[in-house]
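Each of the next two complexes has chain A plus one more chain, namely chain B in the first and chain C in the second.
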Partner chain A sequence: MKTTGSGNRLAVLVPYRPAPARMPVRIGPLSAAILCFCAVMAASTAWAEAGPTMLSPLQIIVKWSPLLLRGFVFNIAISLLAMLLGTVAGLGLGLALLSESRLLAAVSWLVTQFFRNAPWLVLLFFVMFLVPFQVTLFKTTIPLPDWIKATVGFALPVMANVAEVVRGAVRSIPATQWEAAESLSFTRRQTMWLIMLPQCIKRMLPPWMNIYALVAMSTVLASIVGVSEMLTLTAQVHAAEGGRPELFAPLYGFALLCFFLYCYPINLWTARLERRFRVR
Partner chain B sequence: MRRRQKVFGALEVLKGISLSVRKGEVICIIGPSGSGKSTLIRCINALQPISSGSIQIEGIEVSDPRLDKLALRRKVGMVFQQYNLFPHKTALQNVMMAPIHVLGQKRPEVEARARALLAKVRLAGKEDTYPGELSGGQQQRVAIARSLAMRPDIMLFDEVTAALDPETVKEVLVTIRELAEDGMTCLLVTHEMNFAREVADHVYFTDRGVIVEHGPPETLFTAATDERTQRFLSQVL
Partner chain C sequence: MRNMLRSMMAGAAVLLLLGSAQAADGVDAIKQRGTLNVGVKADYKPFGYRDPTGNVVGIEPDLAADIAKRLGVKLELVPVGASNRIEFLQQGKVDLLIATMSDRPERRRVVQVIEPLYYSDYVNILLNKKAGIKDWADLKGKPVCATSGAWYNKDVAKSYGPEIVAFDGSEKPLFAMKQGNCIGYVYDQTFLQGKLLEDEWKTDYDLPLKGVLPSPWMIAVALENASLQKLLEDTTKDWMKTGFIVAAEKKWGITPTEYSLSMHEQYKDK
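Presenting the complex of A and B:
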C-alpha cells in the first residue's frame, strides 16, 4: 500500500500536533477568558454612553444570551455526535487501511484520502443537498432534519482523519509485537483488538482530541446551510436589533469567546497529554 | 522418534540445511552473526516463509501453502531476543492471554497454571508487575513462562540472552536448563558457548547459510574438523 505523502495534504486537515517547547507564551485558561471578556467589554463601553433609549451592546448580549447559549449548546451537541459517528466509522476505516486484503486496503486508502483532502464545507454541501429530507424504511418515515445531515457532513472528514490516526498509531507499534502475538497463535483480529489497539489508545488520544477541537470550531459552518446553531442565531439577533453596525463586534465577539472558552482548554489538555505520553 | 526434519530450507540466507531433532533433545545452533541461525529458527514456526524444501513437525508440513499456522504455533513456542512482552499487560496477564483467547481455556485453570509457571521461572510475587518495571532477565523469564503456558511440544529460543546484562544472563540460562532437564524439546540459537556445551545433546555450527559441522558438544568443541568451525571457536572460547 502506498504511504501517504505529506505534500498533498491540506495543512488544516492534518491532525495538529502542538509543539509545547516552541510555544513562547502560555496563557492560562482563566486569564484568556478575562482577556476575551475585556475585549467584549471594551467594545461595549464605547456605546454605553451612546444614548439613554438604546440598550448598550452588553445589555443586548445579556438579553439574548439564553438564546445564543442554547445555540452554542447545539453546536457542541453536533460536534459530539459528529465525533462519535466519525470515530466509530474512522476506527473501521483505519482497520480496513491495515487490512491484509490488498483490495480492501486500496479502497479504504482512496476513501480516506478523498475525505481528508476535501474542504469540510464542500462535504457539508454535498451531504445537505444529496441526502433527502426524509427516508422511508419498512413503511416508517424517518425525517432527516438539517442538523442531522450537517452532523453526518462533519462526521465524514472526522472519519478520514481518525482512520489516519488509527493507522499511524498501529503502525508505530514495533513489528516485534506482531511476531510475538503470531508465535502465540493469536489470530490477526485478536492481535489487533487485544494487543495493538489497547497499546495505541495513549498515542491516539492527543491527535483525536485535536480533531475534536477542529470539529467543534467547524460546526459554525452549519450556519451556511441554515442550521440554527449559534452563528445563525447571532446573525438573527443582530438583525432583530436593527442591524446596528456597532453591535456587530460585540455579538460576534461573544460567539468567539464561547468557542474560545470551549476549545482552548481542550487544546491545553491535549498538549499536556502529549507531554506526559512522550516521557514514557 | 524422528520429530522434525528440515531439508533444504533455502532462502537467500539459508542454502541447503538439513537437520532433525528427536523428542526431548536439546539442540544448539551456533555460528557467526549473519550466518542464518535466527532465520533457520524463524522458519520453523513459519514466521519466515521458506522458498523450497520441507520442514516437518510431528506430521505438520510447514512449507505446505495451506499450512494451519495457528495449529503449528500451538505446538511450537518461541522466545525472542527482545522479549516482546505485551507492555500494557501485567506479567500474569501476559502469561494468561494466549491460553484464554487462543485455546479457549477457563480462566481459573489458566490463572493457576500461569501462577505456577511464574513461580517456576522464579518470578513469584511479580505477577502484577508490568513489563516496563521488570529487568531484562525478569522480562525474558516472563516471556518463557508465556510461551510455556501454551504447552508447546517444542521451544525455540532465538538468542534469548543476547540483549541481557551479564548478571541477568545466568538466571535465564538456569530457567532454560531446568526446562531441558524436564524433557522439553529445545532449539536454541545462542552465543553462550559454555551453556551450549553444557546442555546441548547436539550442536550445529552454521556459517553463511549452511551447516558447516555438527555433532555432540564434546566432539564439536574439542575436535572440530572444519577449518571455519575451528576459527570461530578459537575466537569465542
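Presenting the complex of A and C:
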C-alpha cells in the first residue's frame, strides 16, 4: 500500500507515531559559529586599550592559524586513531564480557571496570612514562613518538567504554532471538556475528559517536604530557607573542571554536541518529 | 608452552640490554644515526620559541644547530618543559639539553653538566623610563613589584631596601606596574629582556641597572656519556673564544649579558 498520500489512508491502519521529540533550544552549526566568533571578538576588546602599532588579536590569530590548525589536525588524527584502536579492542573485550566462560567473563569484567573508572589523564601518564620512546625488535629500531603513545593512552578508556556499549547492546536484544537462533541450529558464534551484532550496530552507533566526541575533546589532555598538539601550540604561540594577557582569551577562544565546530555537528548527528533508531 | 615463555623472556632481556646499550654510547651513535636530538624550550622568547611556520627558533636552537654542524649531522629539536626535560635526557630521547636550565646541585646528581657553563641569568628590574633610577641603591623605600615565591625577593629587599609588592605569576605584577602600583618589576633578567622585544614594553620601559645575583644555566648530557661531554666542553669553550654566544644574543635582539661578555673576554686569547 502506498503511504505517500495521507488522504486515502485508513486511519485504523496507520500506526500511532508520536511527534519526534525536539531539543527545546537548538543552535544550528552556522549560528553557533557566529556566536563563538562574537565571543572571541568580545573577549579581545581589551586590545583597544593597547597601542596602535601592535597587531590586533584577530590579525595574530590569522598569522598563526596555519600552525594552530596543523595542531588541530593532529588532535583529530590522535582521536580517530585512538577510536579505531579502542573500537577494535573494545569489541573483543565486549564479546569477552558476554562469554560463556566464567573465567574469561570475570577477567574482562575486571579489565573493563578498571579502564572505565580510571581517570583518563592518569592512564595517559602511565602510558607516556612506562612505554619507552623506541623499541628494538630484531635489530630494527622502531621509534614510538609521543603522539603514538598518547593515542594508545586514549585508546584504553575508549576500549573499556566501547566494551560496555557492545555488552549493553547485545543484552538489549530480546532473549527470544537467542532461542530462535538456537532452534535453527545456529552455533553461539554464528548467532553472535550473524544475528546479534548486525542488529546491534544501530543501537551502538549513537553511544559510540558520543564516546568519539568525548575522545576528540579529551585529546587536549595530551598537552600536559608534552605532545605538540593544538593546546601546546596555543601556549607556545602565546609565549611567542610576548605572553600579552589580552591575547589569552582570543587564542584559547580560537582553540575552543575549532573544537566546538568539530564536535557540535557530531553531537547533532548523534542526536538525529538517536531519534531515528529509537526503540519503540 | 614453556619453550615459548622462555624465548619470550630471553627476547625481553635482549630488548632491555639493547635499550641500555643505546643510551650509553655517545658521539659515534649520533653520527651513525645521522641526527642530533636536542631538547630546547619552545615557550621562552627569545631563547627558544615558535615562529609562524612552526619551527622552533631562538638563541638556544642556534647553539644546537652549531653543535649539529660540528658533528656533521642533521638537527632535530625536541620541545621540552621543566617537568619532562630531565626524563627525556635519561631515557635517551634527547642527546643533550639546552633548555634554560638553571644549575642546581640536585640536578648535577642526575645529569652530566657541561663546564664551562654556557650562559647565566641574572635578577634585574624592569623600570619605567621616567622613574629616574640610576642605581640599585635608589630603590630604597620605593614600592617594587615581584613574583611571590621567587627565591631572590628576600635578598633584593635586604640588600637594596625596596618595598616588595608580590603577586602570583608574571602577568599580574607587570599589570600592577602598568597601573602604577609600583615603579618596577624584579624578575629573571632573561624574561624581562624577552618582554623588551615587544613594542608594548620597549617604548616606556627598560633595564637600566646591572643584573645582580647571577644564576648560571647548564647544558646537560646523560651521565657517563664521556665522548659527547668532551665534545660539548670543547664546543662551549670555542663559543666563548669566538664570541658566538654574544653574537647570538645580539642577533636575537637582547643586550649581551655580563656573563657572556666576561667569558668571551676570558677565552678570547686562549
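Basically, the second predicted complex is superposed on the first by the 251 of 280 C-alpha atoms of A that agree within 3 Å, B and C clash if a C-alpha of one lies under 4 Å from a C-alpha of the other, contacts with A are read in each partner's own complex, and residues count from 1 in each chain.
To be clear about the criterion, a contact is a pair of C-beta atoms (placed from the backbone, for glycine too) under 8 Å apart; a residue touches a chain by one contact, two chains touch by 3 or more.
For clarity, every value in this text was computed on a predicted model and none was experimentally measured.
Peer 1: On chain A, do chain B and chain C fit together or clash when superposed?
Peer 2: Aligned through their shared chain, the two binders fit side by side on chain A.
Peer 1: For A:A235, decide between first (touching chain B), second (touching chain C), both and neither.
Peer 2: Second partner only.
Peer 1: Check the residue A:I195 against both partner chains and state whether it touches chain B (first), chain C (second), both, or neither.
Peer 2: First partner only.
Peer 1: Of the partners chain B and chain C, which touch A:S185 in the superposed model: first, second, both, neither?
Peer 2: The first partner, chain B, only.
Peer 1: For A:G226, decide between first (touching chain B), second (touching chain C), both and neither.
Peer 2: second
Peer 1: Is A:R244 touching the first partner chain B, the second partner chain C, both, or neither of them?
Peer 2: second
Peer 1: Comparing chain B against chain C, which has contacts with more of the residues in chain A?
Peer 2: Touching more residues of chain A than the other partner does is C.
Peer 1: Rounded to the nearest angstrom, what is the minimum C-alpha distance from chain B to chain C in the superposition?
Peer 2: Once the two complexes are overlaid, chain B and chain C approach no closer than 28 Å between C-alpha atoms.
Peer 1: Both chain B and chain C contact which residues of chain A?
Peer 2: No residue of chain A touches both chain B and chain C.
Peer 1: Quick check on the complex: what are the chain B residues that touch chain A?
Peer 2: Answer in residue numbers: 45, 47, 69-70, 73-74, 76-78, 80, 82, 84-88, 97-98, 101-102, 143, 146-147, 150.
Peer 1: Where on chain C does chain A make contact in their complex?
Peer 2: 15, 18-19, 22, 42-45, 49-54, 79-81, 83-84, 87, 91-93, 170-171, 175, 194-195, 197-201, 203
Peer 1: Enumerate the contact residues on chain A facing chain B in the complex.
Peer 2: Those in contact with chain B are residues 176-177, 179-187, 190, 194-195, 198-199.
Peer 1: In their complex, what parts of chain A are in touch with chain C?
Peer 2: Listed in rising order, the residues of chain A that touch chain C are 50-51, 53-54, 63-64, 66-67, 70, 129, 132-133, 135-137, 141, 225-226, 228, 232-233, 235-240, 242-245.
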